[in-house]
Amino acid sequence: MACEVVTFGEAMVRLNPPHFARLEQAHQLDLQIGGAELNTAVGLSRLGRSTAWVSRLTNNPLGRVIANRGREAGVCTDSVVWTEEDRVGLYFLEFGAAPRASSVLYDRKDSAISRIAPGMVPWAKVFQGVRWFHVTGITPALSTSAAETTREALQAARAANVKTSIDLNYRAKLWNQADAGRWMSAFMEFCDVLITTEEDTERVFGIQGQDYEEVSAKLTKRFPLKIVAITLRENPLVWKNSWTAIAYQGGSVFRTRSYEVEIVDRLGAGDSFAAGLIHGLLDDDLQKGLDYGVAASAIKHSIPGDFAWINRQEVESLLKGSGLRISR
Amino acid sequence: MACEVVTFGEAMVRLNPPHFARLEQAHQLDLQIGGAELNTAVGLSRLGRSTAWVSRLTNNPLGRVIANRGREAGVCTDSVVWTEEDRVGLYFLEFGAAPRASSVLYDRKDSAISRIAPGMVPWAKVFQGVRWFHVTGITPALSTSAAETTREALQAARAANVKTSIDLNYRAKLWNQADAGRWMSAFMEFCDVLITTEEDTERVFGIQGQDYEEVSAKLTKRFPLKIVAITLRENPLVWKNSWTAIAYQGGSVFRTRSYEVEIVDRLGAGDSFAAGLIHGLLDDDLQKGLDYGVAASAIKHSIPGDFAWINRQEVESLLKGSGLRISR
Amino acid sequence: MACEVVTFGEAMVRLNPPHFARLEQAHQLDLQIGGAELNTAVGLSRLGRSTAWVSRLTNNPLGRVIANRGREAGVCTDSVVWTEEDRVGLYFLEFGAAPRASSVLYDRKDSAISRIAPGMVPWAKVFQGVRWFHVTGITPALSTSAAETTREALQAARAANVKTSIDLNYRAKLWNQADAGRWMSAFMEFCDVLITTEEDTERVFGIQGQDYEEVSAKLTKRFPLKIVAITLRENPLVWKNSWTAIAYQGGSVFRTRSYEVEIVDRLGAGDSFAAGLIHGLLDDDLQKGLDYGVAASAIKHSIPGDFAWINRQEVESLLKGSGLRISR
Amino acid sequence: MACEVVTFGEAMVRLNPPHFARLEQAHQLDLQIGGAELNTAVGLSRLGRSTAWVSRLTNNPLGRVIANRGREAGVCTDSVVWTEEDRVGLYFLEFGAAPRASSVLYDRKDSAISRIAPGMVPWAKVFQGVRWFHVTGITPALSTSAAETTREALQAARAANVKTSIDLNYRAKLWNQADAGRWMSAFMEFCDVLITTEEDTERVFGIQGQDYEEVSAKLTKRFPLKIVAITLRENPLVWKNSWTAIAYQGGSVFRTRSYEVEIVDRLGAGDSFAAGLIHGLLDDDLQKGLDYGVAASAIKHSIPGDFAWINRQEVESLLKGSGLRISR
Amino acid sequence: MACEVVTFGEAMVRLNPPHFARLEQAHQLDLQIGGAELNTAVGLSRLGRSTAWVSRLTNNPLGRVIANRGREAGVCTDSVVWTEEDRVGLYFLEFGAAPRASSVLYDRKDSAISRIAPGMVPWAKVFQGVRWFHVTGITPALSTSAAETTREALQAARAANVKTSIDLNYRAKLWNQADAGRWMSAFMEFCDVLITTEEDTERVFGIQGQDYEEVSAKLTKRFPLKIVAITLRENPLVWKNSWTAIAYQGGSVFRTRSYEVEIVDRLGAGDSFAAGLIHGLLDDDLQKGLDYGVAASAIKHSIPGDFAWINRQEVESLLKGSGLRISR
Amino acid sequence: MACEVVTFGEAMVRLNPPHFARLEQAHQLDLQIGGAELNTAVGLSRLGRSTAWVSRLTNNPLGRVIANRGREAGVCTDSVVWTEEDRVGLYFLEFGAAPRASSVLYDRKDSAISRIAPGMVPWAKVFQGVRWFHVTGITPALSTSAAETTREALQAARAANVKTSIDLNYRAKLWNQADAGRWMSAFMEFCDVLITTEEDTERVFGIQGQDYEEVSAKLTKRFPLKIVAITLRENPLVWKNSWTAIAYQGGSVFRTRSYEVEIVDRLGAGDSFAAGLIHGLLDDDLQKGLDYGVAASAIKHSIPGDFAWINRQEVESLLKGSGLRISR
């Protein structure tokens, strides 16, 4: 059975000390799996969509655990490209508390996905029967061949009449703004929906504006985008943020409510926004996508790990205004 | 030696994933014991009262662990009815963070206590020398025979000249409002003190009012109650609530201070309010009961598990206005 | 894509205290998933076979976690029948040390699978393209309707030309020997391969013999079985057993080496023997099945949880005589 | 209700690193409660006897946790003498593996019990209705006033017609052989049953013999003892010992089977032997006492912590020859 | 190589239940090391200063673990005086949540450091090449001989031309105000920098004032102090405080920004303020010291344990205004 | 103060699932530090020798934690070369049980130490006042420049009149036998003491013999070695091995007793043998070195982690024949 949505990118083994300890204090690390595009696939799966994730993984316990956990969360991993070479990307995470922000230490260099190259993934076959393809700006940042493969995927999606969304997700530790700008601009040609933040838009495309509407308008003017979505976070503290997003389509701005979120783990929140947004857009309903995206990702902040272990019913309850009482 | 207070109801093995994980993410569960009436007995024991808890338990490790942990917290379990049949009730708990409320999954059907029936407990003997009997609306909700046994207990208490308190505690997952209204109304005849919330009062008795005074007045008008106590929670977030209560007696409303509580575990908070209230009423002092009830239950929010591992000294310090400095 | 192997039965949430603690001592429980037929599907999946597991589960976090973990281990759960009713079976496990055996406390009554009934599973569709069907004597022991559904499945397998294996797996806590004998005898008609122990054969079928050959011969004489496999455990201690099996086909006895196993967790060992056996039989090679079955299950004893997190490469290494040095 | 058995001595908070770590490696410590006489009371309680433990404890969380956990395991703590002074004894434990023995670091100096003195415990009242009193050689070793209080207790027991048992339990870290010999010899006058090892008998009383019979005979000749029991451990390894005991009464030696024990935690094993022995002697059956004592303590080796979380049913099963299969 | 800074005092093994549990609930305790002067040495080491800590420790695993962990955090322990006698101080900690404050239970009596006496430490040798000596009011509170040794150390520091700072740190559980006042007043003669709070200043020296300036002015008038630093905490809740400090020198008040801190563990926060302050003063820059002191200690609130596992780079980032975004 | 012993090589962050879980099952990993030469330095430090370890580490939390933990165990890290480049080597470990051996997954490629090059370490300064230098065959296996730096170190040691020992330690995953043979043969010129196994001697040097004496004799004939030590392990099971070693000097074979070891963690056992051997050789006593080496490493098998958290007193007790009783 073909999946509705395919995503493409890296997932890593994530290792973090429990209970706000610093890495230098750690004697145990929690092991989770995370990666923007896999996170989004998981979010969509939890909302009821059939999804598949494409990547390249080393066939050792660390590579297998990534695929296993993706399947556990409902994502098909049949199109993962396995190799006996290379290594599995890792990232180390420290949870903070004001005034110490949480921080990430990547150890992802030379991972199997960074050595993916055009021709390795049979995109035409992968996209058979698929309705949506999602990727982020992290995948092309991994290596030139990964960027080329991203382009190959986007072109194949377009050829297969598959809708595409790209989360800009600029990572300064992976590439510079010039490279990001060049590659991402090229990808916009194959992109239906762009998800971004004001800050990333400026860093990657040099686009600024007085407000979200202006930024969005400039984006849709420069690139053939149908929809632009912008997430908005206010974080005066580490344990409590406010979180919402807006969307722009055909000159109109769509809004949804803002959530005050108590933060257990904000990693992957943006990715679950993408999941909710795509979920609505698969129903051709941008307002629904925005509502589900923000609600799903608001809940994600309360869940440990990168994966959004939400379910559709609770997202819908939240949208209907469920309170914070214990249900019993 | 006879106990001062006897309570009657179900206690369950409670299982919750640590650190805000969802059940679907869990690889370890914390095991605690909880049940409204046992929780109240524990609270009273910790305040210095001798207490006993009556229930029916299956004689297997799960049943024994419930009795063991009750004794650990100072509650006499000699009157528990043991059986080789049936099963031990369980409940699963997920801790949330805004905007995700904590949630409870009951697996308590066909528990030993649900099959208790009149005649199984020698109430006359149990109540010898006892001053107070406490039960909640959960016990009769478990089954018809449990409701009948609750009635039997209340009648026996009255016959033995034991004061009675009932916490209305409506559980929509256990019975419907019509059944609850019928049984609970009947029990009011044997009840000296009713503990409730505005919401439960409306759901069970259909009583509404403009304010707590009006609700309380209507309750004392309809039923032969001496005292009504109403707990008040404001929960704009999951990790921080404000918490207080009022009491009504003979046309007068009693108040105490409100606490801003940082929430570690709010399960059992209402039950420890009942404990503090009864503690004061055993001294014939409603204001003391209200003060101790709210202070004890405010502290309870900071303690993991359903049991209020408080001590009387710290409740009294709080009432005297101890601050939040570390004592050293 | 059709799976090669389908299994059918109950899986439960398994809860055990860590580090040999008794349940009465427990403050944390490890959560694993286990169930004979799911365990066998996992073992086959880890050996490289595509597998699916059929069951009935309540759609709550406990039911979902069972399906999730099955998928994590590579088993397709698309044919699980979901219900909003009933409950999820649990079992509690205490690990022992000589002279205290490990022990199991079941809390599986009224589980969703116990209420499965003929007609609920579209067997004809499930068996399309399938080569092997496996079930154990636990499934029919759950309830009469489960027994009837087991019969329905076996008949459908035969109709679809799917090979069948049955692990006798007598559970005295679930049914008596008379019932077991009647149902299991009836199932033998649809069974190609029987997996059993000497003890179970006597308890269920009343068949005894001087040696395995005689027992096997009697079994194949009474029932139209092609192959009988018998597992052999010697357990003078709890932490160290010796483990092997024999197989009987057409009058010949097949043997493999015996393993001295240091025991981390022997739950599910027999089920992984079935997996290895079926793996070989799918290649029409009984000796291979016996070798893989015993080697895979010997390794299983070293792995926590019911699932055999083995991989085919290490089973093959063991068969080639790899030693106990650390590979580095 | 009066208890059948009273014991008297120190219990400590025990702290050990998990998983064989050394204390210098520890970042977490498991907290258990242990003390010879409390351990024996727990063992008797688990075998179905009503028991009480007498001690002196500081009224802080550490003192309270000792009493709480005693009650959890079924022991009455109403006769504990509470004080606001002094401190709670601690002991630190490292679990070993051959060739490294497990080791204990005491931090028990100046504990509340070491400052107990004659007159503090109302022995006459404590012994009302009691059938048996048990103490070990550790209690008098704590301080001179503790030794005097032990003598006071033994005299009071005799006066109240309560049978007495003493476990010699020589602790070289607490006192020297001369002091031990003097005090313990004096106590023998009030002792019905002596529990000891060959080694301790020599160290404390200077009594040696060619075999257990001779040692026992010499003991009963020198002191007015009715019964002598001697435990026998062979420990060629740390994780596996063989364990049995003999008893001597009126010139006859009683024996029971020897157990090969896989060792999870041998602390408290001797104390649970005493429990089983007393259990039998309360039924005037020395052979039963020896059988239960050795079986109960054999099982104790498999249980973490000093307390014997056994139950009578499993002790009886073991005596009937239950094997090491998982019961299911 | 000589160290820049030497500190002198007690460090204890700290034991706390995880996750807000009460000690009476604990089955595991986290083991950390803490002690005001060692904490300050650690803070300075983490800011890049070479430091040594002087103390007296029992040569057992508990004493060694204190020294080991100090070295782990970069502190030289070569001048620790080892003894085979006495014991290692312990403290037990409960973490609270409003309205329950965190609380500390000391078990430090008769520790090895409390029995330190003049002549045991070769101060002249210890201070060779050293620039700064730091001690707190806790060390002299431990015993008279410890107070005398503190005086000896301060005199030796002055003789060696080493700058000195004293943190007043009044501990009501260790000594009374009269004794504290007498000893601390005497020490002021040898003190260059006093760190204190308004409250401690009043309790120890009886000095009050309308504002910090007046208190500081009075202090510098009564004693020959060059600098006074006062830390300021507002704690309306347990999990969120605001935190800053002021310094006073030559009639001028120095200020720095205030931090809203989310509190993981506030133990040792004041000690890390001292570290940052001394760090700046070693560069003859009081404003830098105040800035670093408050920033370092603000971050300390987010770190479990008494030690400030900060690094200089993140302190400097915070001073430059880094936000609470995750860096990636 | 100069150290007595310097070692040189890589240390890694070691990550292993607890309790025999496979990596694919892991949700938590224990973090330890390990590396052959650092392990040996730790062993020597624990035996009372002053030691330093030379390496190259990336200046991030993972690199710092390695140095911190080395210092915690008593090893000087002042000569570590720090870099902002490269990465920190990791290794993942699975603990096994028969018939599954423990296994190691390296992720150490491109670590900072692999990019060390001649000239980076000021060897002449490092070796001032040093008596012994130790390195293993792992260091040159990391890269050509690491091999060249090893040669540089050995030459500098010889120039500084520092005795040298080399543990052959062939790692097939790092280099092939030809390369190992060429480099290691060249190093033998600068080597006083060679530590090896029969198997490694054959793989690296192609030297075989009928017994240890012949192998040793051939080694000392081919290379200018003064002493050859050979460790001997028998591992019929994973949890229990027997362990000893022999040494060869001037035609004589030295022997010591063999230990039956119960295995908690055998990683680093060989390295602690080297520590004990060097400890004796620093006293010019080969028999002492052999005795201490085997006793220390026998104990090491009982200690989690690569580091030998032994102490000299317990090694000496073991050599004097201490038994396996609990000392108390």
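Structural remarks
Chains here go by letter, A, B, C, D, E and F, matching the order in which they are written, and residues are numbered from 1 within each.
As a convention for this text, a contact is a pair of C-beta atoms (placed from the backbone, for glycine too) under 8 Å apart; a residue touches a chain by one contact, two chains touch by 3 or more.
Because the structure is a prediction, the values reported are computed rather than measured.
The chains that touch chain A as well as chain F are C, E. Taking each chain's centre as the mean of its C-alpha atoms, the one that lies farthest from the centre of chain D is A.
The chain pair with more C-beta contacts between its two chains, of C-F and B-D, is C-F.
As a whole-number value, the distance joining the C-alpha centres of chain D and chain F reads 45 Å. Annotation for chain B: residues touching 2 or more other chains are 22, 24, 27, 68. Contacts between chains, counted with the stated touch criterion, involve the pairs A-B, A-C, A-E, A-F, B-C, B-D, B-E, C-D, C-F, D-E, D-F, E-F.
Considering their complex, residues 68-69, 71-74 of chain B touch chain D. Against chain E, the residues of chain D that register as touching in their complex are 15, 22-24, 26-32, 60-62, 64-65, 68, 87-88, 90, 92, 94, 105, 107, 109-110. By the touch rule above, chain D contacts chain F in their complex via residues 19-22, 24-25, 96-104, 106, 171-173, 235-239, 266-267.
Contact residues on chain F toward chain D in their complex (touch as defined above): 18-19, 240, 259-264, 295, 298-299, 301-305, 309, 314, 318, 322-328.
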